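For reference, the structure is listed below as structure tokens.
For clarity, chains are labelled A, B, C and D in written order, and residue numbers in each chain start from 1.
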Amino acid sequence: MKAFVMREIGRVGFMEKPVPEPGPNDAVVRTTKALICTSDSHTVQGGIGPREDLTLGHEAVGVVHAVGSEVKDFRPGERVLVGAITPDWGDLASQNGYPSQSGGPLGGFKFANSKDGVFAEYFHVNDADANLARIPDGVSDDMAVYCADMLSTGFMGAEKGNIPVGGTVAVLAQGPVGLMATAGARLRGAGLVVGVESVPGRQKLARAYGAGEVVDFTSEDVVERVLELTEGQGVDTAIEALGADVTFQTAVRITKPGGTISVIGYFGEGEFVRIPRVEWGVGMADKTIATGLCPGGRLRMERLLRVLEARMVDPSPMTTHEFAFDDMERAFEVSDKKLDDVVKVLISF
Amino acid sequence: MKAFVMREIGRVGFMEKPVPEPGPNDAVVRTTKALICTSDSHTVQGGIGPREDLTLGHEAVGVVHAVGSEVKDFRPGERVLVGAITPDWGDLASQNGYPSQSGGPLGGFKFANSKDGVFAEYFHVNDADANLARIPDGVSDDMAVYCADMLSTGFMGAEKGNIPVGGTVAVLAQGPVGLMATAGARLRGAGLVVGVESVPGRQKLARAYGAGEVVDFTSEDVVERVLELTEGQGVDTAIEALGADVTFQTAVRITKPGGTISVIGYFGEGEFVRIPRVEWGVGMADKTIATGLCPGGRLRMERLLRVLEARMVDPSPMTTHEFAFDDMERAFEVSDKKLDDVVKVLISF
Amino acid sequence: MKAFVMREIGRVGFMEKPVPEPGPNDAVVRTTKALICTSDSHTVQGGIGPREDLTLGHEAVGVVHAVGSEVKDFRPGERVLVGAITPDWGDLASQNGYPSQSGGPLGGFKFANSKDGVFAEYFHVNDADANLARIPDGVSDDMAVYCADMLSTGFMGAEKGNIPVGGTVAVLAQGPVGLMATAGARLRGAGLVVGVESVPGRQKLARAYGAGEVVDFTSEDVVERVLELTEGQGVDTAIEALGADVTFQTAVRITKPGGTISVIGYFGEGEFVRIPRVEWGVGMADKTIATGLCPGGRLRMERLLRVLEARMVDPSPMTTHEFAFDDMERAFEVSDKKLDDVVKVLISF
Amino acid sequence: MKAFVMREIGRVGFMEKPVPEPGPNDAVVRTTKALICTSDSHTVQGGIGPREDLTLGHEAVGVVHAVGSEVKDFRPGERVLVGAITPDWGDLASQNGYPSQSGGPLGGFKFANSKDGVFAEYFHVNDADANLARIPDGVSDDMAVYCADMLSTGFMGAEKGNIPVGGTVAVLAQGPVGLMATAGARLRGAGLVVGVESVPGRQKLARAYGAGEVVDFTSEDVVERVLELTEGQGVDTAIEALGADVTFQTAVRITKPGGTISVIGYFGEGEFVRIPRVEWGVGMADKTIATGLCPGGRLRMERLLRVLEARMVDPSPMTTHEFAFDDMERAFEVSDKKLDDVVKVLISF
């Protein structure tokens, strides 16, 4: 089969690979749709270390092609979604409530990391009964594929942010994950969501997903503006959706005492991420800093699909570009170099 | 001033009373709008014991008329909302996180209970800085008055229900509090809300507030239908919004293991409320039964007003009837006897 | 091999069975020590329905005899503990945080229920990597075996009770699970634990495990006495460790508004368990009723073993009787008929 | 009356001040015992900015001298404890669950900050009914005074650390607050507490308060040693009890994915506190950083006094020095310069 791989750090391309075989508890899925993620670019740049001929991609839906002997709930031909994170559910970290950390820190992140990813005609899924979810008839593949990572990660930012009904939230950066954090904040009942973003197209999407105010950090002081919007108190919850030291500092500064800084950005650079000491209340202002990795698993995916089925959130406006799998090289370039105001690139197989 | 009172058990009417005076920490509010609640009827029927010439009513908005010497944040002339529950914030129960229970069980419930209520031209508010909230310009009195009890109690049902994003919820009974629980469940991200109700007008409102399915208990078996809608699993959260033994039992039966039964109904009858033993998992199915009393206080009211300001929920379709304060006797009769498909009766002063 | 079984409802005895074989993910353990539980008696009396030749018992430790091909972390010869509950960790209920409910309500409870139990020379354990725990050198089999159910269930009563540091707790009934709830309440920092019990030997054990006060319900009114001990407020947490309607009612009555009733008793009788309506605050006093089933799994067992290793709790005084496996019939009679002031009966293989 | 004050930054001494008068809700307490805190030194060094003739001290017990007209529950002559933090309970931050942040960040911290402290013959207490607690007969003043800050802050470190029963904890620095965090970790059921400390006297106290292991950072690599003690996993909870950038970094490094870093140290220096990016899991390892300020208030103090009354923790071994109030200058010097292996200095009035 055809696979789009990272040849080595800095180099991508197609190659032929054998169709994977399922172990007793596993499934193999024939890919129908996939999305390109900025973390695919991080990976190619060496963000998780050197890899050789590793199939890229972790956001996909498809049709069950084969299942192992122990799989009970899924059969070939079923249309399924697979979370970007496919935990080992019996692991100690999973028993502790953190399946994304099973098998070690971030260990649930297997696709295009510890095993081949989904940018191929077929891909392998461990523990199929626990990690696949059937896609309801009312939800298209084009929408369902957003659950794998974008909705799951973005909503997690809101869920971990401990947002009170009617509370105030700021979401720093309105890339696709930040946009879904904006939507997620509204989904949890935030009364005011402030989106921080400078790109006009993303500002517009932020408003569509429920940001009542949008702050452009290139023309306004974010801390001043957010304090003004919250009568000097700061927000209940600041969601950091970029993964940058300076944005993280802003998040701490704009959060009220007793509030939560919820981190969903991937921090790819520098030895340290820095907490501004005084605005952190010299370590005593009851500001909590929460983090997490995209929740996976069948239950999570079923719940996210229900959100789509009920038309509570529509991710499709984030699809700015569509390509056939054969045009994957161009598609990757568009996403990687952020060409043409790209938000998300959808691939059809 | 004119006040509409409970003369004794079973008898209501107008009487003259002096305008109240504020103590050092208190305020007196000139009433502009109020709502009649079914608990006003319970009270008149003797539900909280005998009372003599007690002013009724606990849902109101108005204009600050006078403030005590220690009040810092409010001034006469300001348009304000007061929660139905006005806690003593320094009380041990408040320090424990349960201000509605300050001063003893349900002790935060003072209006028309331990002191005169709001169906009068003026009413008294303890601890004004902590229990008043300014109404934003974009929110009318007619809408704001719903925050005092209906939104606060209904949303609490959803909040205490521990609803996961995309989770399944059933709300048993779609009276005004149940309708706001339905809206609240959507506000917390429920993927499916099932409203249980037989009255057509309320069924229609339930759908408008986000119930994806409505079950009529007069023509369907609620337990069977809810299990069918949830693939045999039961709901994540069942909200009991009626206050009846049989409805409570249904709530336990339709909740999945690990789910929550969130009680917001007022249970006015019988020595016991009964848990069905087997469906409760013989006391071992991880089903939690949560209860609470309408949260009050300035912060809560400010947050609910923000929900109205952002047009996330519109309570006004629940106003089926409007009367002037002079017509209070007729207004009370309509609410008390549930005439004319009444949902809520709004009083103008 | 020899197994002690329930022949049919009401009848027990020995029989020969083949040594079980492990599936790919499983283990077979050679039993060294086991404990008899009152739920073994419930089962024999028909509490979970008819069974034929079902091996009894769910509390045991032993030595790994054989493991399946996929088991990574355990090898024959290792001394291991197995929780009474052995969840399917990939199940939706487990993904939802309730592994004891995997496979349906109470579905994690497999031993002597949906498969043969541990009163045999060998027994089978599903998902060995996730459900076995190595016993540290400093912990004897005689102590470790208490973790399987008694410590796990009793401590859960305290953990689900949401006990504040320095808070007040009542534990209703001081059988072995109630005693471990008493110890667990102290382990969570309760400032006052009131044990309710009439049997002198159990009263003495209650004091040893940290009950500062013991109330004998045969000579005192429990509600009055507990209110007196808590200055009229009621306890933060009442733990029901008997499984009786009347005790449950007492638990609701003695809990303060905002407190928790934590149920760990098995309710074996009656159609309903009854909540006293008025003391429940007519459904509005913020009293939460929590339940659960003994937590199992490797992580839980490792943590409980650490508690024993650190000598924080010593369960051995609960062992009032010891028998060899050959004397199982007499041993079962002592436990079943509560002869001779029995608390727990330990069996050696 | 005589008061020991900060004249200006860097200079302390005695001066005469009038005995304070209570407002309507307040009390004045005649001091009997007080403790010197390292934050008194921070304050004198200018840590909270310039102050003139500010009475120092925030840890004290005494006898009620006078109460205001509105005070209901306390009378002159009663022996009372006052928390170091005396919140405004009606404030929005208190309503939000964070009374220590009432009136602004860290605003509940009034003594020796926004008003005169307790190193005087008499001191003033706002909102007496909510901020005083009667000392039980079985608890001496010498012990009770430790509740004001040391127990409350140290235990908070454990409580916010979300310690599972049988979990693993490291407490970094075993000063008086760190020692109480060690005791608090045991009080919440930690199975292993690792104390990090180099001073022999404090190491000994750490063991007495329940540290099963003590690591001397001057001779061992703390990260390596803690990972070794936890089989490579890291601790469930790391409590930072020093307030230093480097210790904080260690805390992040030794915490397992899904664990909590609970900060109770006062961070007095530098523009930033730095999170080690990689060991923080690039912002994705589900490591939560929690902070807080000493909880105050009557309920908290009553609960802590119950812990002392039940002899669950004995703070008195931390009293290494005792002085009469007349010798306050020498007492302050001992504490300030950490002379003579001082842990805590107790002052008698």
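Note that a contact is a pair of C-beta atoms (placed from the backbone, for glycine too) under 8 Å apart; a residue touches a chain by one contact, two chains touch by 3 or more.
Bear in mind that the values here come from a model prediction, so they are computed numbers and not experimental data.
Colleague: Give me the set of chains touching chain A intersected with the set touching chain B.
Modeller: For chain A paired with chain B, the chains in contact with each are C, D, in label order.
Colleague: Pick from A-D, C-D or A-C: which pair repeats the contacts of A-B, with over half of them the same residue pairs?
Modeller: Answer for the repeat of A-B: C-D.
Colleague: Weigh B-D against B-C on C-beta contact pairs and write down the one with more.
Modeller: B-C
Colleague: Once you find the CA centre of chain B and the CA centre of chain C, what distance in Å lies between them?
Modeller: From the centre of chain B to the centre of chain C is 40 Å.
Colleague: For chain D, which residues are shared contacts with two or more other chains?
Modeller: 92, 96-97, 164, 302
Colleague: Show which residues of chain A lie in contact with chain D when the two form their complex.
Modeller: 92-93, 96-98, 100-101, 104-106, 164, 233, 240, 243, 256-258, 263-277, 280-293
Colleague: Can you list the residues on chain B that touch chain A in the complex?
Modeller: 155, 158-159, 164-168, 184, 186-189, 191-192, 212, 302-307, 309-310, 312
Colleague: Please output the residues of chain A touching chain C within their complex, sorted ascending.
Modeller: It is residues 24, 70, 89-92, 94-97, 99, 127, 129-131, 297-300, 302 of chain A that touch chain C.
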